[in-house]
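Each in structure tokens, the structures are laid out below.
Each of the next two complexes has chain A plus one more chain, namely chain B in the first and chain C in the second.
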Partner chain A sequence: MNKVMSDKKVIALYVLPAFLLLMVLVYIPIILTGYYGLMRWDGIGAMEFIGLDNYQRLLQDSTFWRSAGHSGLLAIFSVLSLVGYLIISMVLAGKIKGADLFRKIYLIPMLLSSVAIAQLWMRIYHPTNGVINRFLESIGIENTPLWLADTNIVLYSIFIPIIWQYAGFYILIYYAALKNVPNELVEAARIDGATPWQIGYKIKLPLIAGVIKVTIVLAVVGSLKYFDLIWVMTQGGPNGASEVIASYMYKQAFNTYNFGYGSAIGFFLLILCLIVTYFIRKLTASKEDVQY
Partner chain B sequence: MFKKAFTKVMAVGFTSVLLFAACSGDEPTETGSGDQAGNGQEDVTIDFMHLWPSGSSPDHNRIVDGIIAEFEEMHPHVTVEVETLENEQYRNQLQVISSSNQLPDVGMTWAAGFMEPYVRGERFASLEDIFDDEFRDSFVGGVLDGYQVDGETYALPVELNIAPVFYNQAIFAEYGLEVPKTYDEFLQVIDTLVENGETPITLGNRDAWTGSMWYMYLADRFGGETALNEAIDRTGSFENDALIDAAREIQTMVERDAFIRGFNGLSDQEAKSEFMNGNSAMYMIGSWDLPNFTTNEDVPQEFRDSIDFFRFPAVEGGAGDVDSWVGGPGVGLFVAENSDVKEEAKDFVKHFVERWGEQSVEEAGIIPGTQVDTSAVDLPDLFIDVLNELNNATNITMYADVQMSANVADTHLDLIQALYGLEITPEEFAQQHEQALLEEE
Partner chain C sequence: MGIDQSTEMPKRLSDKPIFQRVAKIILYVFLIGVAVLQLLPLVWLFLFSLKNNQEVFNLPPLALPQDPQWGNYVNVWTQGNIGQYFFNSVYITASAVILTVLFASLVTFAITRMQWKLSTLVLGLFMVGLMIPVHSTLIPLFNFFLNINLMDHPLAIILTYTAFNLPITIMILLGFYYTLPREIEEAAIMDGCSVHRLFFQITLPMTAPVVATTAIINMIYNWNEFVFVNTFISSDKFKTLTVGIQNFIGQYQTDWGAIGATLMISIIPILIAFLVLSNRIVEGITAGSVKG
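The block that comes next holds the complex of A and B.
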């Protein structure tokens, strides 16, 4: 066995399929996107090399920055919602009855496809027949909010299903991490007279700090590139009020035939995500990782 | 240490996945079509891509298959290979395979602004050489214009629609309302309906092209059939009193609660269902929806019987004519420039359009781009009425978002939502259009 594994050719043979797949599906498209971003191209006819003009246009494109602002806002809300998920997970990981059932219930939205979730929430938000407005009307509110039509609130209306959609995912991660916290530590603390609050804040939280960092990165990067619910529910409208980077990129590349510019936006988005990831890692880096 | 590495891997992996998702349109796509050498010397294959899958458009699909079978019988050496995709996927697929120059020999395209990049990129073949006078005359007047670039025709229409105001006679009767002949009467109808707690007009302005049609009618009735067209083709200006007045009237209608609550957040489908459920008195849509109001067995008979349509009323003192319609061609057939079987493909397209025109209204409820002999077809009255209106039309103004280049159309649709949402003034609406059009020049 050792002999086989030390044969470089055999190692290459094992690694090659995955490597090729990764190249073809991930790295080559990344390189191509960067390449197209340097072109003036409608996605159909001939390309024309224009250097960094697309990126210059990007910097001055107010619609893009407005969309980027919306994506940033979503990132902030997603990270804030992590606090809520963490609290729920702590409650679930404590020995309460039916924790398993709750965990499964929270996980359900994750199992639905984004389109189904979008359809569901479009019903809920319907201006006259929707559950929310029906309820508001029944308690006597006359000018019920136009959830998806009012440019001032449409963005937040969409954030709610997005945050709901991912609740199960993060709760599952936190729950698993909390379950890994050694019981001896918790019990030792309890004997020393620590309150449940202190146990949670001073013992459990530091011990799962690594996982929390990962989820922050996931939440931020996931928000920056977020597309599906927004596309199905509003297509970025009305009048760009719920436009995010990814939907703007899609529109540029496919609806308005600015494929080169769309690629530049996509590539910029990648760079942005890498930079943000780097900074989050920097900011949250602690000198010593807690070991247990 | 392990955890750090893990985080890094997660982060990098995730961003890669994101980029893959972000640019999956870039991948070279295998189409499964491609040119196949025939067995014998003469055998050829025409690859044909259309957007009527048998699942969602069974009637259309059946007619297409029939025409193909006929064509193959007439030309034994030709095989037609069909690939179908749903509307949205079709649009995306067309662009992706076009970028790698792998268009099918024959396919479907939309008119004007949509197809122009394909023509400029030399992807579509000119079809001028298949016209003789008789064939040209078989089309409804002006319908070919939408498929012309620099005076040459690059596609043949299989679909032509106008957008009437459909209304529910039962609701009108309940409040003793008559079909409005003038715009003032129209506003009175709206007021009466609002007073009685009805929704006068259902509108799904998330799909802003529907809101655009109402605006286009007002523009036409105020400024005549040329005002909007000239603003778009730059022989005129968008900052034209008629176009500003039309925008102001849209806002008047919004302020009078003419449109359904939350229209800017509703899709056309959602808006339509309000009409189909009898919750709304009026609905403007292209004549492609006629089957829903006539032959579609899934819709209750009672509802279908209560639906009629009227022409958008005249504006007093306006330059417009009530026989001028908003509408235009839908999809048309193109032949790829790099096709190996151009001759056969062109024959096929011509044959298709001729045979399609004879069957499409009766069998699938699609009004073809070719003239229909209303006396020879057995159709519901509503269809005959629309066909007659089409024949009597003094003008058909093509949908603004189709006429415009893709960039301007995008701005136009956003501005339509802003106008209806009372976020901009009519003057700003006109001025921002003018600016977008100027940038394109």
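The block that comes next holds the complex of A and C.
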């Protein structure tokens, strides 16, 4: 038995296809991103080693920091929206008929491609024929907002479809976690006279703290690297008002052929995501001790 | 009233029936309101896909089309390359799903069933792969595919999808493999069954449910993927639906019916998959997220 199941050739045959793909297409590229970040390079010609110049430039690049600020703002919004998702999930996980159907309906936008969602919301926000401005006009509001062309509101306008897209995903996660809370605990608390509010806040919430922590990491990291809807709807515009780290990196590399500088931004993004993941996990570690 | 007054708590209901009923109604109105918000944009999309511009501009946004323009669908399907994009999406998605599920199953089998020293390290590398932002790999991957002549080739996309989906697929498979009883496999080895036969004829069929779940999750990810295709594919003949419709819609800036029909065609396969497989999709998304 042991001999058969520790046959080196078989193990290599089973593990290597996946392992090589992971190395060649995921790990080697992230190391190369760091390496290219030390170069001046237009993507076609020869690379020129310039040390940490790209990273120095990054520190002084106000456009980059403005984009990073937008990414940070998205992260804050996303974490705040988790509260709303959590409330919906707590309602759903109570004694609600059709909870299963509700959470499936909520999930539908999450299954659509970002391009389809972006194109759809570009029509919804359309200045004259979009459903929102048509409604605002019908109730007598003149000078309806230019949702995607106004530098003051464009970032918020893009955030709404992001909420719309991800709501079902987070509700699904919270719902599953809440349903896993042992019923005996809830019943015991009810018999002791706890109100539904107390049961939710003092019993269920601490018990799903681990899951909440995971969703905070997902929301923050997902926001910091966010790209898709922004790229299709505004390409970071107008005037950089919706530029984020990933869209700025993409433009530097594939629009202006600053592959070296683009790589430095990409490497910064990677490090940022890893550090943020580490710190959120560390900061919230104590809550994990709660046992069922 | 069709509202939940389950048999479990008749006493409490009679204690304060009116308050309870009103509270329940408010909760249902809230949940239904959220469901309407999630579905309304899609209903509006469907409605304007069947209208001509005159109706889009003059009728109220949610009015039914007076004379449904099914021709919009026929036109966009026959005029552009939508059929080609659709076909590309199908075979690229299918190839990547098959490769991912097969390679991931082989690795998971080797990690959970076979004895080798590096198994923990290899598993760790796959799990860390979950945290790597794709944008940080774009520039090196672009350069790599350029150098090995796979730029603008579907194989670049298929291999990239496979590599990036392996970690999440392995994570979901792992949970199932750990709970699977080993007696059958042990007996088979005792009887002189080879490892290959064991894997392909016994283990793989036993894991069919979780394989199906991961396949569906992979299918949705791949069908909707945007950045890789947008970056690595330039020929129209290789574009997938997600990227193809982005360019295609550009030509129809002003024809709302055509835009709506194009978007509907791109999301219908996902909506059908959801109607048929919603339980598995819910299960897969939950399994793929909670462990983060």
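What we mean here is this: the second predicted complex is superposed on the first by the 275 of 292 C-alpha atoms of A that agree within 3 Å, B and C clash if a C-alpha of one lies under 4 Å from a C-alpha of the other, contacts with A are read in each partner's own complex, and residues count from 1 in each chain.
Everything below uses one rule, namely that a residue touches a chain if its C-beta (ideal position, glycine included) is under 8 Å from a C-beta of that chain, and two chains touch if they have at least 3 such contacts.
The shown structure was predicted, so the numbers you read here are calculated from the model rather than taken from an experiment.
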| item | value |
| --- | --- |
| Touched partner set for A:Ile30, first chain B, second chain C, both or neither | both |
| First (chain B), second (chain C), both or neither touched by A:Ala188 | neither |
| Residue contacts with chain A in the superposition, chain B compared against chain C | C |
| Touching partner for A:Leu274 - first (chain B), second (chain C), both, neither | both |
| Which of chain B and chain C A:Gly266 touches, first, second, both or neither | both |
| Chain B versus chain C as contact partner of A:Leu52, first or second or both or neither | neither |
| Touched partner set for A:Ile141, first chain B, second chain C, both or neither | neither |
| Which of chain B and chain C A:Leu80 touches, first, second, both or neither | neither |
| First, second, both or neither for A:Lys225, with chain B first and chain C second | both |
| Touching partner for A:Lys251 - first (chain B), second (chain C), both, neither | first |
| Set intersection of chain A contacts, chain C complex versus chain B complex | 25-27, 29-30, 32-33, 36, 43, 214, 217-218, 221, 225, 227, 246, 249, 253-254, 259, 263, 266, 269-270, 273-274, 277 |
| In the complex with chain A, residue positions of chain B that touch it | 1, 3-4, 6-8, 10-11, 14-27, 91-92, 95, 98-99, 117-118, 120-123, 205-206, 208, 260-266, 270, 406-407, 409-410, 414-415, 417-418, 421, 423 |
| List of chain A residues in touch with chain C within their complex | 1-2, 4-8, 10-11, 14-15, 17-19, 21-22, 24-30, 32-33, 36, 43, 88, 91-92, 94-97, 102-116, 119-121, 123-124, 129, 131, 134-135, 138, 164, 167-169, 172-173, 176-177, 211, 214-215, 217-218, 221, 224-225, 227-228, 231-232, 246, 249-250, 253-254, 259, 262-263, 266-267, 269-270, 273-274, 277 |
| Complex contact set, residues of chain A against chain B | 25-27, 29-30, 32-33, 36, 42-46, 122, 125-128, 146-151, 154, 210, 213-214, 217-218, 221-222, 225, 227, 234-235, 237-240, 246, 249, 251, 253-259, 263, 266, 269-270, 273-274, 277, 281, 289 |
| Chain A-facing residues of chain C, complex | 2-4, 6, 8, 27-28, 30-31, 34-35, 37-39, 41-42, 44-45, 48, 56-57, 60-62, 103-104, 106-107, 109-111, 113-116, 122, 125-126, 129, 131-144, 159-160, 162-164, 166-167, 170, 186, 189-190, 194-196, 199, 220, 223-227, 231, 241-243, 245-246, 249, 256, 259-260, 263, 266-267, 270-271, 274, 278, 281-282, 285-286, 289-292 |
